[in-house]
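Quick heads-up: structures coming right below.
You will see two complexes here that share chain A, one where it goes with chain B and one where it goes with chain C.
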Partner chain A sequence: MPVEQIPHQQTGSLVAGNRLLAPEQRSGQARPDRANSLTCGHRACRGCGEALGARWVVDAALRATGNRLIAVNATGCLEVFSTPYPQSAWQLPWLHSLFGNAPAVATGVAAALRATGRADVRVLGQGGDGGTVDIGFGCLSGMFERNDDVLYVCYDNEAYMNTGVQRSGATPAAARTATTQAVGTEPGNVFGQGKNLPAIAMAHEIPYVATATVADLRDLEAKVTRAMDVQGARYLHVLVPCPLGWGSEAHDTIRLARLATQCGLFPVLEAAYGEVTAATRIRRRVPVEGTCAGSPGTPTCSGHASGPTWSPVSRRRPIGTSPGTACWPHRHPRRWPDGDPVRHHARLGVEPDQSDRRLARRATRLPRPVSALCRRVPRRRERP
Partner chain B sequence: MLRQIEGSQAVAAAVAACRPQVICAYPISPQTHIVEALSATVKSGALASCEFINVESEFAAMSVAIGASAAGARAYTATASQGLLYMAEAVYNAAGLGLPIVMTIANRAIGAPINIWNDHSDSMVMRDAGWVQLYAEDNQEAADLHVQAFALAERLSVPVMVCMDGFVLTHAFERVDVPEQDAVDAFLPPYRPRQRLDPADPVTIGAMVGPEAFTEVRYLAHVNQLRALDAVPAIAAGFAAAFGRSTGGLVRPYRVDDADTVVVALGSVLGTLKDAVDELRDGGLRVGVLGVTTYRPFPSAAVRAALGGARRIVVLERAFSAGTGGIVTADVRGALPGAGAGTVTVVAGLGGRPITRASLRQVLADAHGGRLEPLTFLDLDLRLVERELARTPTG
Partner chain C sequence: MRLAQNGDYEAAWREIMRINPLPAIMGRVCYRPCETACNRGQLDETVGINSVERFLGDEAVRAGWTVSAGPSTGRRVLVVGAGPAGLAAAYHLRLLGHDVTMRDAGPEPGGMMRFGIPAYRLPRDVLDAEIRRIVDLGVTLELNTRVDDVAAVRETDGFEAVFLAVGAQLSHRTYVPAGDSARLLDALSVLRHTAGGAPPLLGRRVAVYGGGNTAVDVARTARRLGAADAVIVYRRTRDRMPAHESEVAEAEEEGVRMCWLSTIARAGEGRITVERMRLDESGFPQPTGEFDELDADAVVLALGQDSDLGLVSQAPSVATAHGRIVVDSAFMTGLPGVFAGGDAISGDRTVTSAVGHGRRAAQAIDAWLRGRATAEEALVREAGYDLLNPWYYTEAPRQHRARLEAARRTSTFDEVVAGLDPATALFEARRCLSCGGCFECDNCYSVCPDDAVIKLGPGLRYEIDLEYCKGCGLCAAECPAGAITMIPEQRQPT
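On to the complex of A and B.
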């Protein structure tokens, strides 16, 4: 994919290892005594966003707790690539039980720590988007509702990657996965489905919810650190591009994650007790069209692909001039440009179709935006 | 202390005396009274440093127990029927991880058709899960088995299921000598996990194991299970010495020594069976009963020794495998020389149907006279099934 010139301060000054900064400004990963919780030798693919995200998250959590931390992992890529028996890449106490129960297992660990007088040891639960928004959702909601002292981190690569890129409840509309293939003029994943888990977590009114991406690791680190300052149930949703599943280049992982935030696809925010408290400003907004769904065959920022073999990112038909460019198919009808998909496509001179009308109807039925996430993000200016 | 007490309350008191540190539960009849009582005990502060966690499903209940046990806490839960099936994946997982969790099963049928009453279909489903399974004959044994179960689980680092018949035991008021706290403290040492999640000594638990070592992992689990065949009698003997009563153990023979016909059974039906045997003995029939208290691991040698002299063996089953027949029968046959020829199955008391002494007397007399089919359904309403069979198209 064409390389975009990134202003120096976006990468050079904030990432790991920058020795030009004053020590207090450096990231934790720049410290020679960093935890290295997930050591080398694991079997993740080259450029795996999940491996990168997990290392930063767990390292930051270890630092915040003075190494008094236990991790509980759901089944998925992260678990499989990190613990091929008899090896383990984990440098902290780590437990894997099942695919769908990591939040409950984490609850059990936290309860045991309280009961055995070790409440200073903290618990981190983690899993992929499938393990979190689908099969583990019941356990996660229970953990939120009880406000158990667990930080649960979802590494969202937008599909079930470990089993070969099948659709999950976090797969965006039109995305091509092994079970939502783009056939003929049909797009990949269905429109109007999927879960917004950060919003659902906020609806539980837990003390802390945040989203982050591997494009801004300093921000990710800061959020984990803040989360560890809070007692009770906390949720962190991290966008982690997956080269294998998205069909992207290993060296584009960070770039894709950044584009996802810059075009507004993936809002980066923090919330406390159900209220958004901070959102990362999009400094230079880029359109989804052309930026992410660029040349044929290249992936878009959310794992879709456009081009000869795959359907365009969002629609069954090409819009605009280049085939495969697209308007972003928001699941929330209010998040479409021009108010709703019917109006949007009308403006572009495209005949609205059934799914547009369905979404537009839904928009009119909603008295107010249901999601605090959608309502608040554009209004926030300040970065924490 | 001797008390006239409901089975569930007695079990809850015995579990509390074991000082569990994490209890988690999701309600299902007929398990509810046990966990209700425990929740009140924890709330009252009587159980120091114990966490009672109300979870959102049985799957979560077992998962919380797994996390708690791996982090070094004595963990307990209870369930039945649909709940046990709902947690099935985690039940296997607990055994695979070698976590000494103790779980009460208030035995209940499995739907459809939905039925809340007692049989053994639920725990039988889990017989291959890698858990030790103990079956209580009465409420005294149900209470005592929990104390023994914690000792056994922690000695071998295996999870243990204590199965007690739903309603028949859980809701029955009987005189029970509830294990006293001091005695339990003396009998059951504090939980010392073989391995626990500890930042001072990080371990990875639950790694992925491929074909190169999976067979060995399973084999070692098998060997560890078999160790229970020594540990169970040893713990039961220790318990008898400490508490002055004999409960638990591998098998419980009753008047089998000179018996021609022996009925093998699990659970509360043993009481009725013994009464029926006494009556038949009065009538001159040489019959006996063999109660199997430890069903997993299956005590083949003990069963063989107890059944050695019998010519006819009846296995009375509270569950069965559709299309095949008896489940326990297969184990009994496997334990006997000549594959237990002459062993027949009687399926009885499904979905809570009462097993009456009269029916048992009849079936025992028939067995003794060699008039029993290989598979009999006790008190089957033939009129109803034949009418239905006549209506359903065949082939």
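On to the complex of A and C.
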């Protein structure tokens, strides 16, 4: 279940605190005695979503474990900005080894704790999307497969930010990065590529998989707390906008994450043993296009005929002015309202173009949905 | 609102009382200009500020909460007129410790609130309770005492300052050709006699001439006095009517008929002749030469009111214009120490502005007596809708006040609009967005990626640790109420 919504009371449970609610109904981050595991003075950019998300996650995990927690970090912004030698912004035991081995190191820590009889101390692994989706993926899959007692958190800022915004397997289609420039007739990242790591984690049938964003921080906190109640491998995928890499305003970090959820680009859900158990409903729907252009209310698809077209939610810069490059959500292979973009655009009276036809062809080669995958694999783990 | 949201009604009431000594009255008769400015209107529906005010006012009357006068200064001030302007001035002057004598020509205090506004909108027990609370502060109230010459009275009775709040008590007259047997009355006397318990005989069919709130009140009163048919005759159209929309709607529910674009050309026995009008390009009504007949046993003229300014006629330094007293920005007339407010000076003519005048004039009088300039009022920071972050407010539909059913409204003077019960009043108060005001939601404290917002504890709000703040502005962007302002840093020239 997503965090319980408390209705009315001015701001209900939508804000962190709210003096009209009982203290136990407020978030842990509203408490004056919160752990501040990632404390002030770190070197993240202004408005860094990763720094914000990490403090919420690690603080919540500390609270859930009564401060008996060890964190293992992959290389990446989170590691670099928090621990310039010889300093550290972390207020808990914290380890860093390499870019690609954080899940393996976390597994090792968990094994060592088990071997020494410290079952009370829990392990948290964390990294960016590059470290998780790409280079650390093998170790992570192994960690899932062995069901090691680790909560692994991926802070997804949709590219390799620390080394200068290169594309990762989590970069969305059409997004501008240093290696997928916003030029040509099909600017930005290629459509139809990339991995859906939450779905892959679910396919491992681990006890707990969830997605969250820095737009709904109370939900993020609740999910970490819930994950710490579970034994075994757990995976949490958190969308954390990055002002530097996204070219967005520092004060828009939360707004962009919110828009990503409200336009449906980033589904917020929870799953247990490979099956979705809860999803956060969209509260105020917005079209993807207006979302990026900053003009909410623009109906999806209207950008076709004229005007600059805008990149997906994570890239606020125009990606080109040629007709036919807009309408991103409809080009996402799994989201065509009328089956494929040729039919969809024909219904809207928009002339289908070359890329529509190309994408329609690609539709026939789509990977099968996760649920179908799951059914093929016999269930191994017992449900609690 | 903030205190009401906490459920601390007495503190919320005391907060209102710092400004407005008549919350239960204002919660009933105010035309709610503030609610059109309420930002929640852009989210769903405006907050019922007025119904919360009324709830608090009624709670105070019920619980008998009182305020106390300030330490005595020994300075004597005369207030002429015990309408809302005079009452508000007397109240604030007492809080400031001055010695107040209030004189009124009428038999009971309240002014137009008693002799104009009908009981179905303002029950007399509420009026009496709020007036009594002010008088109990130690105001010397002298009724049935008309002040005829301000300067002379001030001299003989030894008052240092005077506040004139004589209202607009004379019915505006217009010439209507009428036969000998026609029954012509003026609205104020109808209302006054009804309020005094001796309603005039109006007959079964009543025509009311005019388009203001007074016309609507008289028509509704006529229905309650047994008129089977009450019709309002007005020169222009509904949208140009000065009467308040909600009152016209309530009148229509009670069966009051409207006759737009018409003037009364002649009044005869049991019948009147009305001429049809049409609006010219500038929206002014022009006669068409077409006539209609209407049955009417009585015609009530409700064409506005004038002030009786006889009491300043012997003081040439007090200027008047358009039948009103001229005052400066501190409410002082041309005669030093003589101040004026309420209907006698304003074109707005509402209880709301009268109470406001009373308060600000009291402050000006206080400053004048102490020989210093009036303190500028510190304005609360207002936040427009674009500064708010509406995402954080929960869905909450406005709570409307129940109304008496129409059948009982045409036979009794019972109050039409009911108050909110405690649960709905609290709900309504919590719909307030607190625009521009921090209500300690902890959002800034928890969204700062740099842990640079320091929480100071309940009621103390927050402080920004500038040593660690990087100026990202997330706290300001995610503050629901727009209570945080970003100020560009001044760089030291290098």
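Throughout what follows, the second predicted complex is superposed on the first by the 290 of 384 C-alpha atoms of A that agree within 3 Å, B and C clash if a C-alpha of one lies under 4 Å from a C-alpha of the other, contacts with A are read in each partner's own complex, and residues count from 1 in each chain.
Assume a residue touches a chain if its C-beta (ideal position, glycine included) is under 8 Å from a C-beta of that chain, and two chains touch if they have at least 3 such contacts.
Since the model is a prediction, treat every value here as computed from it, not as a measurement.
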item	value
Partner chain in contact with A:His251 - chain B first, chain C second, else both or neither	second
Touching partner for A:Thr261 - first (chain B), second (chain C), both, neither	neither
Touched partner set for A:Thr177, first chain B, second chain C, both or neither	neither
Chain B versus chain C as contact partner of A:Ala111, first or second or both or neither	first
Which superposed partner A:Ser88 touches (first chain B, second chain C, both, neither)	first
First, second, both or neither for A:Gly142, with chain B first and chain C second	first
Partner chain in contact with A:Ala30 - chain B first, chain C second, else both or neither	second
Residues on chain A lying within both footprints (that of chain B and that of chain C)	none
Chain C-touching residues of chain A, taken from the complex the two chains share	6-12, 14-20, 26-27, 29-30, 32, 36, 38-42, 44-49, 51-52, 55-56, 217, 243, 249-255, 258, 284
Chain A-touching residues of chain C, taken from the complex the two chains share	5-6, 391-396, 427, 430-434, 439-443, 445-452, 455, 457-458, 465, 468, 470-474, 476-478, 480
Partner chain A, residues of chain B touching it in the complex	21-22, 24, 49-51, 53-57, 59-60, 63-73, 75, 89-90, 93, 97, 197-199, 201-210, 213
Complex interface listing, chain A residues touching chain B	67-70, 72-73, 79-80, 83-86, 88, 90-98, 100-101, 104-117, 121, 138-139, 141-142, 145-146
